[in-house]
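After this come two complexes, each holding chain A, first together with chain B and then together with chain C.
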Partner chain A sequence: MFRPVQGPAVWGYIIGALVASGVIFFLLTLIPGRFRKPLIALITFLAGLFYALEFFWPTGRDDTNFLTPFIDPAGQMAQVLQAFALGLGVYSLVSVHLRSIARQRSGWGFSVVLFAALFAIAISGLLNAYRPNRYNQNVFNFFFVGGLQALDSTMFSIIAFYIVSAAYRAFRIRSVEATILLSSAFIVMLGQVALGQALTNWLPAEGFGANLRVENIRTWILTRVNSPAVLAVDFGLGMGALATALRLWLSLERGSYFDREL
Partner chain B sequence: MEHATWPARIVLIVFSAIIVAAVLSAQRGRKLFIRRIPGLTAIDEAVGRATEMGRPILSSVGLGGIDIITLQALAIISSVAQTAARYGNRVLLPIADPVVLPVAEDALREAYTAAGRSDIFHAEDVSFLSERQFAYAAGVAGIINREKPASLFLFGTFFAESLIIAENGNRIGAIQVAGTPSTTQIPFFIASCDYVIIGDEFYAATAYLTRQPTLLGSLVGQDIVKGILLALVVLGVLLLSFGQPAVFNFFEDKNLALMQYFRKMPGTGG
Partner chain C sequence: MFDFLTDPAAMGKAIVWFAALCTLGLYTILYRENVVFRFFEHIFLGLATGYAIYATWNDVLRPRWWTPMVAEGRWWWAFALSAGLLFYLIYSKRYSWMSRLIFAVFFGFAAGQAFQFFASTYFPLIRSAINNPVVGVPVPTAINNLLFIVILVSVMTYFFFSFEQRGGVARVSRMGRYLLMFAFGAIFGSTIMARMSLLIGRVFFLLDTWIRQTILGGA
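Let's turn to the complex of A and B:
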């Protein structure tokens, strides 16, 4: 729908957009307090109506309707707004840790490490993007692949140990429910591994006896017990999400984290 | 691009109308009953325990951006914060998405103000950690081990980091209440937390905690709609069992318009 702009004209558009945004923000601040909430409600309703109409309006043979071409630009506008919010996030992070260093709170050394890491990866990333050479690439890889990704993997691998300790507590036989949980988990685990399947592979692969093979019991538990339960939970969640979405879209709810109902 | 099929249009519009009607009916003063939800009853106990121990409360809304789940999670945590503020306690809220940060900060500030304790609200208690999943998990785990909160409230969208956070909370002996629509994470929370609210209880939480007519009405609307869905499921099972698979085709076929479907039905001349 919108054509990309090339060349020096890009700067004109950027400056124009910034000026227009500034004017809109200024005009918004001039709105009297009593009109602000109705305005927010109106914008929320119109934004929701746009997506609702686009979803419900009948489509042609190409599976599009008159609103479909506007979906991507609307999504891009949301991305721009989110990009502004990233600045807020960085501001929050920097202010908390600067305060920690200034007041020399316990663990303030970690805040220094945070700033060192923040600047190191930002500078190496920019150099790698705008002055790509072997040296800059190596420095960036050292911080990103060797540092950040390795730390991510380390945190992920810790989950294995947490699963063991959580499973130990969950499977301790203290009640009927825990016993059923333990038994079904044991069967599913057995059915998942070759050793478990070997225990019952002497049973026939066809006919009534096949039902007692451990891999078939596992499949039955997963598809006939587990899946319906998850689907039932999903049904409830879907209806809950629909109700919450309606309350927010129609601005029926203002009381939970706003001051009062409209 | 996803678009509604005719069955989806009918079902969603009817269901929406039922929910809105229930909300409007409740707003006009209709008395509504809500059953006890143990996980939510435990919130007062968890906040009281933190106050007695002189330790803060830690909350998390997970990794979600500004969506229905996060807004609902913020509504629950805001209610927790209001109770905590009445006792003069702190609520720490580390955030993973910068877009959520100002909304979360505003929600907690209003909660403290509503409780008449805006003086003890510190903006730095709502802090951005990282958008990266495991960096966020490591950050929250660090806060848990340094601040030793007495209670943890985990509501929102969680992925693999759920267990890292909940197990750290468990390790320091905090009382933990969790709720998430992420069905794959519910088992981890059940194993690690003291109370878990499951499924649509997550969306019922604000109604239960605040007893506002709008929220109660919405909850009743949800229950009516769930009842209709359940009846449709039973009807579908019976029809399929007794050889009427056409009903399933009606719901599955994306391009089959409702009127076309009725015209094609046997005995209608189609």
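Let's turn to the complex of A and C:
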């Protein structure tokens, strides 16, 4: 049944699939309210069971089982469906700014600028993809390299200014913990800049004395103190994620989203 | 009229000028909230959204959905469109429950993959953490390996809330908190330096690429 079709006939099959989807949609509308939650729980369970079974089912000599060949198509399908979900965010942004323009709220001109930038890069990108030539490439690069990349790195570099005031608040020595935080941050920063490294460059580059060079202390802090501490936090996160996953999979999760009547 | 669009030198200069204006425009926020910043902020938002739309189509939907469906004749990918449209039923009062069907698929996938992720990520990490030998290796290595295990256990003890921490456990837990602060300090220091390098990059762009090379015509 699921065989590729070549030529114009493919459009017939596509339309047929869409009609079949419409029928399924209609049948779903007939499901009574009391069966909706169990249906959603069943779908969640089956979707989770696919990956869980693939993982726990014994494998053959080639390290695969009967579900392994379906992992890639399932991943591809998930990627495609996630791509469709992008429209949710775009819709939300567009509706807010369209409303702002329609009602001429304060600053509605900025919404016009937003739409101009949105269409400019999207259209130039698509033109560059479908009709690649120097003209289209330059126009796309103007918006991407000159605009997006520059704005992106500038926006994140602004954090450097605010992080200094955050550091001032965080580093005021008021407790043992704050002192420890300040010390390790200071050494890590000092070990990363040439000025800090110059402070201890009179120490030998080899042997025991080299351990006291600030750049080596920095590396030691990052690899020998930071790594196990982060690893311990990661273990906690992993256990928590696993427990949450189990609750989601078995539809045991509670909260406004899950408890609402359907 | 638009010949300059095919001239690499002219376009190079235009890109540098646009990037410099964008950079300076965003930096005006360092003085205070102003219309120039809001203008470039909205350009940023528009460009980021537009690029996301372009990249989603060009990198995901076109090669993984449209081309297989239309060019390779795998018509069953049309069902993905119907499934994807279920997301949008969230806006319908009557049919919003159906959007949960597609969310349920993703919840299930994420839950199922969590087993694989935990086993493939954390089991090797636990193994590598325990396999650090403390005997039969040079003394500095042994000390470092022992320290690794001590820090790991102390920090994990700090996050252990199954019973009230008293006596020796409380002391280990307190040491875990101090070590955690040490690690957070290191992370904070690294983050500051990473942001500083971004700032240096932008300042270097303004001073060298824009002013020296483009405006003053330096080599």
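Going forward, the second predicted complex is superposed on the first by the 199 of 262 C-alpha atoms of A that agree within 3 Å, B and C clash if a C-alpha of one lies under 4 Å from a C-alpha of the other, contacts with A are read in each partner's own complex, and residues count from 1 in each chain.
Please note the rule applied: a residue touches a chain if its C-beta (ideal position, glycine included) is under 8 Å from a C-beta of that chain, and two chains touch if they have at least 3 such contacts.
No experiment lies behind these values; they were computed from the predicted model shown.
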item	value
Between chain B and chain C, more extensive residue contact with chain A	C
Which of chain B and chain C A:252 touches, first, second, both or neither	first
Partner chain in contact with A:169 - chain B first, chain C second, else both or neither	first
Contacts of A:99 with chain B and chain C, given as first, second, both or neither	first
Which of chain B and chain C A:200 touches, first, second, both or neither	neither
Which of chain B and chain C A:216 touches, first, second, both or neither	neither
Partner chain in contact with A:63 - chain B first, chain C second, else both or neither	first
Common ground on chain A, meaning residues reached by chain C in one complex and by chain B in the other	54-56, 81-82, 85-90, 93, 107, 148, 151-152, 155-156, 158-159, 163, 167, 170, 230, 232-236, 241-242, 244-246, 248
Partner chain B, residues of chain A touching it in the complex	54-57, 59, 63-65, 68, 71, 81-82, 85-90, 92-93, 95-96, 99, 106-107, 148, 151-152, 155-156, 158-159, 162-163, 165-167, 169-170, 230, 232-237, 239-248, 250, 252-253, 255-259, 261
Residues of chain C that touch chain A when the two form their complex	2, 5-6, 8, 11, 14-20, 22-23, 26-27, 29-30, 38-58, 60-62, 64-65, 69-70, 72-85, 87-88, 90-91, 95, 97-98, 100-102, 104-119, 121-122, 125-126, 129, 144, 147-149, 151-156, 159, 176-193, 195-196, 198-199, 201-202, 205
Residues on chain B engaged by chain A in the complex (per definition of touch)	1-4, 9, 12-13, 15-16, 19-20, 23, 65, 68-69, 71-72, 74-75, 78-79, 95, 97-99, 101-102, 106-107, 110-111, 114, 124, 126-129, 131-135, 137-138, 146, 160, 163-164, 166-167, 170, 181, 183, 186-188, 190-192, 198-200, 202-204, 206, 210, 212, 214-215, 218-219, 221-222, 225-226, 229
